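Structures are listed in the sections that come next.
What follows is a pair of complexes built around subunit A, which joins subunit B in one and subunit C in the other.
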Partner chain A sequence: MRDLMALTAQPQVISLAGGLPDMTVFPPEVMAKVTAQIAAEASARALQYGPTEGLDDVREAIAQVMAAEGMTAIEPDDILVTTGGQQVIDLVCRTLVDPGDVVIAEAPTYPGAVPCFGSFEADVVQIAMDADGMRVDELEETLDRLEREGRRPKFVYTIPTFHNPAGVTMSLPRRRRLVEVARERELLVLEDNPYGLLRFEGEPLPTLYSLDGGEFVIYLGTFSKILSAGIRVGWAVAPGPVFQKLNIGKQAADLCSSSLSQLFVATYFRSGLWAEQLERFKEVYRRRRDVMLGALEEFLGPHAEWTRPQGGLFLWATLPDYIDTTDLLARALESDVAFVPGRAAYLDGRGGSSMRLNFSGVAEDDIREGVRRIGRVVREQVELYGTLTGSAAAPAERDRPDPAPQESMADVVPLPRRAGGDRARGTR
Partner chain B sequence: MSRIAVLKGGRSLERHVSLRSGQRVEDALRRLGHEVTGIDVGPGLVGRLRELAPDLAFIALHGREGEDGTVQELLELLGVPYTGSGPSACGQCWDKVQAKHLMRDHGIPTPDFHAFSEAAFKDLGAADALPAIEERLEFPIVVKPARGGSSLGVKFASSAAQVPGALIAAFSYDRKVLLERHVAGHDLAVSIVDGEALPVVEAVPNDEAFYDFEARYEIGRTTFVCPARLSDEDTARAQALALEAWSLFGCRGFARVDLMRDAQTGELTVLEVNAVPGLTDTSLLPQAADEAGLGFDDLVARIVELALPGVSA
Partner chain C sequence: MRDLMALTAQPQVISLAGGLPDMTVFPPEVMAKVTAQIAAEASARALQYGPTEGLDDVREAIAQVMAAEGMTAIEPDDILVTTGGQQVIDLVCRTLVDPGDVVIAEAPTYPGAVPCFGSFEADVVQIAMDADGMRVDELEETLDRLEREGRRPKFVYTIPTFHNPAGVTMSLPRRRRLVEVARERELLVLEDNPYGLLRFEGEPLPTLYSLDGGEFVIYLGTFSKILSAGIRVGWAVAPGPVFQKLNIGKQAADLCSSSLSQLFVATYFRSGLWAEQLERFKEVYRRRRDVMLGALEEFLGPHAEWTRPQGGLFLWATLPDYIDTTDLLARALESDVAFVPGRAAYLDGRGGSSMRLNFSGVAEDDIREGVRRIGRVVREQVELYGTLTGSAAAPAERDRPDPAPQESMADVVPLPRRAGGDRARGTR
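Our next item is the complex of A and B:
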């Protein structure tokens, strides 16, 4: 898969495989103004080391962002500034995980977390999701099973809002239950929330952190999707003892995050422009999502199912189970279009017929054209399969290579419901 | 000192491996004192070669662009000497169906197979012939794209129900595929430099029960043993067979021949010949050369010398 992914970055390829925010939406003149101001007012500070936990000015900006997501009781001292949100995942693993320890994640999970879990040799157990996010009932069953085996998970990793890659959002009852479960079992939860503020529609839901009050939830935030991915500033808010350990881990990892980047954030936030900029991002991404949903309906209509995210950057599409999206990518690349094969989001080989599509980083025309090309190669494969099996376009039940797990997962978002009439009651 | 252009990268599915091979070759050539220019192959290739007018093109380009003979043809046209085999040998090795037919016609044993184009299924009802093929080849059956490398799109089908899915996967990489009898046994690679076989490398899966073709390219799933765990007699037979294939295709410079040794019957068969084998730090040809006492720089120097007689470091 790595070999194939190396080709997705070629300039002629319409890549729906990226996870990029569109930084052309950020006005260059604002960037010029902010950097000039830093040079004029704080040059020496910007070029100097800073405290490991982060500069006070940026921690105030972070408290503002968290307040905007309904977490009003955060003090700047509760915040550990990190080098992007990714560093929080790394620090939490570094702090908590010994080789062989169980970490619980969603199925599918953030593809960028997979190598991180792998490098700490975590045994990742993945919990299925549906349109309401992680199946907390399945989580509880899994926790019971692990307890019987004498294994205690180190933490539960979740992206409750506008999930990457699944595009779904955890419902309020599930959020409440997850926080209860964490409390009952004294289990840490790492809430990864890069996209929460990128809501296009619907009512915002409380974060796990605010429901829990910060006792068992470690909160991960980032400026990557609301301001800039290139400045690499994220943060963690964690229960006291964990916070201390994360701080020590951060000191070992990189002493402190870039002072220049932190001052960029702080200076920019003082200008008061961020709320307006956030609206611009949302407006652009919402339109792109709509274009993608329309194109999917038009070009993949009968051959796939997909999630309808109310925000964020991604959606998750699932094809008939006889199509392996890793192989399909080779054929798609011939048509100069790319996506992330679903397998990248699993550690156990599942996800083979799904794909992650990004709508935030690609212009509307390219989204439409990209989806049209994907639709064409999928249709070719579906027709060929029909020819091979002597069936119509829809595969017969007997052709499933391994029907058992499919059926047990029949209500799960990432796995296809391909058999016969089931398609009619898809997730969309 | 010669001026050498290293051709690498390109747009094929093996771009990544090729960039690694190319980089390693460039480093070696520089150590050998040559003037080296790496070229990531793209639409500007001919212009770039004309402008550079190198003494030699070192082809570290895997996948379609480097192995189907196109680049070699172009270099012939431009009058630039190049490493490895010529257009005809490359073209024949690159298409596994063509290669297997040729081997079978010339008495070089290769596992039984049947090949089909996508059109055969769409327009000629080839699907109706599948049961007969399955009966002849017996499960598990290996399904492969006719052209392609690094095991991309190669699948096992262990029952009739799995054949359509495996075919769909293989057709993702090429419009022509082959169904091949699976040989259970030793997975061997014989590297050849200038018509001489190097020690045999064997790919040993770490977990036999779950072995698939991808495992061969994933670190930790396969161990490569050199020399292979074979009797002297089997080693000699494998090398002789590899040389026969090398001669049949008219290879030049260097190549790698992949073979299987049936665990039950001891029969050796040739799977394919790679006219532009990988030269990365985990590739098999450099491993074999190393076992023969030829370090990577020596190997690269030898390959250059073969392409440019009279030039050595």
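Our next item is the complex of A and C:
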């Protein structure tokens, strides 16, 4: 991933590989006003260390954001401010995982979590997903199997809403069942929810945290996608004993998060502009998603299937089995376009025919052109395969996705077989 | 330490326990100017993710700072920007230490490093210090012993200049010998240098990094004490293979450091004001150190000895053996004054009669009053001991420190016996 990001930094490359918000959507004059206010009212405070758990005023802003997602009973004291959402994943691993411990994740999972799991030598077991998110029935089978083996997972890591990279959202029945399973088995769940407020269509669903009441669910939030990624402010809400451990881990990790960044959040939220800014992000990303879906239909139509996210930043496309997207990326880069190969989202080498495509950080014209270039290299591979094998170019066994964006959860395109089919089993 | 910091946050408490720079010394109008420039010229960039290794312009500012400490051959590409200096210690542990591995540290060592070492289950062996810093002869004996036991330390952690908490500075011969030892034994050294530029008197000494040329020395720098602690920007310079590992670890830990903070540094450094600001900090801290030394003489004179730092933020005071500073702190807090008990700087329970006192973050009057209060509770303990034992109140076996601040390294007051005496041996 790191090398990929370096390659895609070249200006001629259209990168659908990133996970960037578009920060040009944030008005520079608001930035000027907020920072001027900090300098006038709180210069020394912005430049000074703060408490490890975060400044009180940013914790109040966080409580506002959580209330906007239906979590109304959060006290500022329950919130641990972190250096981005990434630090929450890292601190949870650091706090809970000893080498060889089982961690449950989705298949595919967030590529940025993979090095955290690896860093603490977790044995990651990945659970298949379909259009309704994580297959909780498969989770239960896996938990039964692990129990027979005398192994107790430290936690279940999930992104229920607008999944990165899969682009799907966990249905309400699955959410309810997952929370029940957690309670029945006294199993911690880490709910990673960076994108929940970026819903373009459909009705919001309750978070796992609100269904559980915070007993077994550790909640991860971040300002990265609703305000700014560059300020590095995220947060965790965790059951008391876990909260204390995370806080101690955070102090060892970086003492405290940037006070300047925290005051940026707090001051901005006092301006009351954030809801309006959120609409701006959603409008831009929704249009870009639509452009990407249209371009996929136009340029990859017969050769791929893909998910149709109702929000967030990403979708997941799967090519015929005989195309390896890691190899394909090398050819794509020759055509100055990039994506994240599916294998980055698995710990066991699966995902080889899939790719993650980002639509939030790229202008509409570039999205169309990028997908066109990917379509061209895919067609070359399909034709080469056809020539070599004498078979038809289009993978007849696959259903074509419905071309029109859908409004309801039920119509989300199923994840490709390979991601949603057989039992996921992680490797250390 | 965390609980202590919470107690000392109460406004009536004079806290000599912190490690805070005084950010009121930084002009708010400069803060306003710098942030206005960022908003006008680089708003979207400040709010966007940056590369894991840091923004190029802040790496150039860092190269300037290192040049000011005599390290002129640093390329911006050699620099890894981190979320404060703390993150460097954490990443080095994370990258190099497996449970049970030996790490060498000074006795006493930086209290904030202790939870990092603990978090990665390092077996910390602490090497005694005296007025010339770490006893490198004792280090060599310890390395010999460990070699006989078949154990190879992962690295040596040292703060050679204005040590936190000891307040002493490693002499040039010791520096040269330490670097020789590292090279002879192919041993990594982590040089933690947050305070080097805060020299009030005496001639600057070369860093270990410059003596070594960066082959075995990992360098840790930070803007926390020369610009702002609240922006959380530090850095590491490390030999190539270590650099790559640290960078990968950093990506897992928090993806990248705040772009807003990094642009704050870069923009500020382009203004050319930093050298002048550094003088301002030094002037304020030098006066505060002098007030603290005077107050110690006045209020603790016969009952304690203390180091006489030529720069930095801290000094280290040691009371008679029969006074336990952890117990004393409870009494001190009743008198609304706080310090860091010496045990926080050891992993093996030593340091029980010592305390760390900070002079950078407290106004002159408060320093004097704080030391007066500490003096009062100490006298009570001394008198109680005298009553109970019938012995003389003053610890006759100890040399009294020279009352006048000294200019030369040779005159630095020796560390108390208990810190500089017997073989340091860490516990896991």
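Simple rule for what comes next: the second predicted complex is superposed on the first by the 387 of 428 C-alpha atoms of A that agree within 3 Å, B and C clash if a C-alpha of one lies under 4 Å from a C-alpha of the other, contacts with A are read in each partner's own complex, and residues count from 1 in each chain.
Quick note on the criterion: a residue touches a chain if its C-beta (ideal position, glycine included) is under 8 Å from a C-beta of that chain, and two chains touch if they have at least 3 such contacts.
If you're wondering where the values come from, they're calculated on a predicted model, not measured in any experiment.
Peer 1: Does the superposition put A:222 against subunit B (first), subunit C (second), both, or neither?
Peer 2: neither
Peer 1: Is A:8 in contact with subunit B, with subunit C, with both, or with neither (first, second, both, neither)?
Peer 2: neither
Peer 1: Please indicate which partner A:48 is in contact with in the superposed arrangement: first for subunit B, second for subunit C, both, or neither.
Peer 2: The answer is second: A:48 touches subunit C but not subunit B.
Peer 1: Of subunit B and subunit C, which one contacts the greater number of residues in subunit A?
Peer 2: C
Peer 1: Just checking: does A:251 make contact with subunit B only, subunit C only, both, or neither of them? Give me first, second, both or neither.
Peer 2: Only subunit C; A:251 stays clear of subunit B.
Peer 1: Subunit A residues touched by both subunit B and subunit C?
Peer 2: Correct list for subunit A: 2, 6.
Peer 1: Under the touch definition given earlier, write down the residues of subunit C that touch subunit A in their complex.
Peer 2: Per the stated touch rule, the residues are 2, 5-6, 9, 20-21, 23-24, 26, 28-29, 31-32, 35-36, 38-40, 43-52, 83-84, 86-87, 90, 94, 112, 115-116, 118-119, 224, 227-232, 247-249, 251-261, 264.
Peer 1: Quick check: in the complex, which residue numbers of subunit B touch subunit A?
Peer 2: 11, 13-17, 118, 121-122, 127, 130, 150, 152-153, 161-165, 167-173
Peer 1: Spell out the part of subunit A that touches subunit B in their complex, as residue ranges.
Peer 2: Listed in rising order, the residues are 2-4, 6-7, 10, 322-324, 327-331, 333, 381, 383-385, 387-390, 398-401.
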